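Structure in structure tokens, see below.
Chain naming follows the written order as A, B, C, D, E and F, and within any one chain the residues start at number 1.
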Amino acid sequence: MSTLHTVNKSPFSDQSLHSCLNICSSGDSVLLIEDGTYGALGSAPTFKLLQRAIERDIKVYALESDLMARGLQSQIAQGIAIANYPAFVELSCQHTTVQSWY
Amino acid sequence: MKFTLVILGAPYSDSASQTALAFAHAALANGHTIYRLFFYADGVHNATRLAAPPQDEHDLPASWQQFITEHQLDAVVCIAAALRRGLLDTTEAERYQKSGDNIAQGFELSGLGQLIEASAASDRVLTFGA
Amino acid sequence: MKSILCISRHPPYSSALAREALETVLAAAAFDQPVNLLLMDEGIWQLTPAQQPEANKQKSLARNLSALEMFGVERVYAHHRSAVERGLNTEALCIDTVQWLNDEQVQQLIAQQDHLLSF
Amino acid sequence: MKFTLVILGAPYSDSASQTALAFAHAALANGHTIYRLFFYADGVHNATRLAAPPQDEHDLPASWQQFITEHQLDAVVCIAAALRRGLLDTTEAERYQKSGDNIAQGFELSGLGQLIEASAASDRVLTFGA
Amino acid sequence: MSTLHTVNKSPFSDQSLHSCLNICSSGDSVLLIEDGTYGALGSAPTFKLLQRAIERDIKVYALESDLMARGLQSQIAQGIAIANYPAFVELSCQHTTVQSWY
Amino acid sequence: MKSILCISRHPPYSSALAREALETVLAAAAFDQPVNLLLMDEGIWQLTPAQQPEANKQKSLARNLSALEMFGVERVYAHHRSAVERGLNTEALCIDTVQWLNDEQVQQLIAQQDHLLSF
């Protein structure tokens, strides 16, 4: 029983990633997509919350094509893995439910 | 696994439509099946057959239609959400005495029951929000 | 039968999303599908009393929330911290079927579901 | 004063359309004039003639059309934004070989030059964002 | 030379009101509309910034019908005036430009 | 002639808004109208180098930004604090015509305009 959380809003302007990280449980995964990929930067206001989530055994991913579109692929913080669409699909199979934060 | 995808965003307003389409392609490529695509809220705009974007821009409604036709997918557009937003098929155009309709072939107008039924029948339901 | 949780995180009147979330819950209930509603983040604003959207030619969402009980959705779950952060008076709400959940209880509720619908 | 209003939001997606319409009514009631209404980005959806919302919901496209007709206002829909989003008049439907059109009477498809010209001619320009 | 700023996003989820208050000048006005009216509450994270703006000779208004829709009209913080649509129109005449934060 | 400032506060690819702001600036320039562009808040992300939106079947916005100069828009104004808050490296951008403004300079720029167009 675990959940994949997708987040598609930038934490620099929107609280969705913040809310997500407060609610997600150990064993869950968080996938940053679309403008959510700005949350993969070390400068994000959610950075510490995200690092603590990783320490709580929550896996954090960022969607490759959305990182590339925004020129972010070489700048993402440690501990965040890059996932492509096939990986997105498999993450949604590995977890029993998917919650979209937008 | 059997997937149902709920698409809540219009093309150009946000990325929900594009992300959902790329996910759907990858799901089939990975050997999964798509039980139903359900277009709801602003996502109903993906079902238009009248979009004419510049040639060098991605025509998302056309890509959805091609994808649906090619894989013979069940693509349901929520009828209440569509009527509110000006998306009609010929039947509804007649019922509401509107001069014209704009839904592309391959999309079917139906009720929220189709989303509920699809949830019951699917292993995974994903929402693509705007 | 699969259980569905609709998570409604958006405020009541600026877009149709909150209304379309409620219509989904009502549809699930009408089809006798086990369904629950969780309000959190800006979705909490759906609970304020004395909403008068008529001035903007809109329909009250509170009426749809009240209708849930008639369709067999006996409680509306709501995230307590979202309300506290917003200064919402949890004693005066537009419906009286709200059950407040802390972070952990929200996690447990989510973990019990077969499907989440995110609004 | 002479106002130009730029409407960037679709009905139901957000409140931009409703706020702009109420502002426009109040501007005329206060004795001002509206030089032009410019529908851009997702705001182009306000120009549809196919919306059929439930009877107890506010039909924003119909209200815009009535307001425009009643006061003989200049209502321009950005053509590039409209084509991308599936809003067409008969001329464009023919040009792009689309089977159907959906723009209500009273709205005119034209270019961004109409926004620039209106800015030059107006005392105030207000953007209603989504 | 002054500006009317309209803000239509809730400061509980979005940074627009925060950005607006950082940029607006003495003599400007701020009008909270749509979900921006949640920014009229004393519990808003932008409350102190807004009070400081009022002290800097920036007038703050909230749109009446949007307050009423949300049930907020009796709860707004001191120093914020209620404006109806005719007042919105006249505010946009009194200031030379209008900036919409959304 | 009236001066126009387009204020672009939204990020490049999630919606068409940033593109439609640029198209407005280009149109004003094409009609010989005095026009400027100010990037702030999330609009700052339009300046990141190495944008590759082709993977998402989108066109690069950086190309439209570069085109501004050809149409006589010689500088792009950008809000410095927005960049600092986001950790954007102001030395490596997708265009080299950026002029950074502090809060006070943004206020002055706004005060000089006849009209603002908000994107």
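To be clear about the criterion, a contact is a pair of C-beta atoms (placed from the backbone, for glycine too) under 8 Å apart; a residue touches a chain by one contact, two chains touch by 3 or more.
Everything numeric in this text was worked out from a predicted model, so none of it was measured.
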Chain whose mean Cα position lies farthest from subunit D: A
For subunit A paired with subunit F, centre-to-centre distance based on mean C-alpha positions, whole Å: 28
For subunit E paired with subunit F, centre-to-centre distance based on mean C-alpha positions, whole Å: 25
Subunit A-subunit D separation of Cα centroids, rounded to whole Å: 38
Contacts with two or more other chains, residues of subunit C listed in rising order: 13-14, 16, 41, 56, 58, 114-116, 118
Subunit E: positions in contact with at least two other chains: 8, 12-13, 15-16, 34-35, 65-66, 97-98, 100-102
Subunit B residues counted as touching two or more neighbouring chains: 12-15, 22, 41, 57, 80, 84, 124-125, 127, 129-130
Chain contact graph, described as a line, ring, star, complete graph or other shape: other
Which pairs of chains touch, using the document's own definition: A-B, A-C, A-E, A-F, B-C, B-D, B-F, C-D, C-E, D-E, D-F, E-F
Complex contacts: residues of subunit B adjacent to subunit A: 1, 3, 14-16, 19, 22-23, 25-27, 29-30, 32, 123-130
In the complex with subunit C, residue positions of subunit A that touch it: 1-3, 15-16, 19, 22-25, 96-102
For the subunit A and subunit F complex, residues of the former touching the latter: 8, 10, 12-13, 34-35, 38, 41-43, 64-66, 68-72, 74
Subunit E contact footprint on subunit F (complex, rising order): 7, 9, 40-41, 81, 103, 106-107, 110-116, 118
Complex contact set, residues of subunit E against subunit D: 8, 33-35, 65-66, 84-86, 88-90, 92-93, 97-98, 100-102
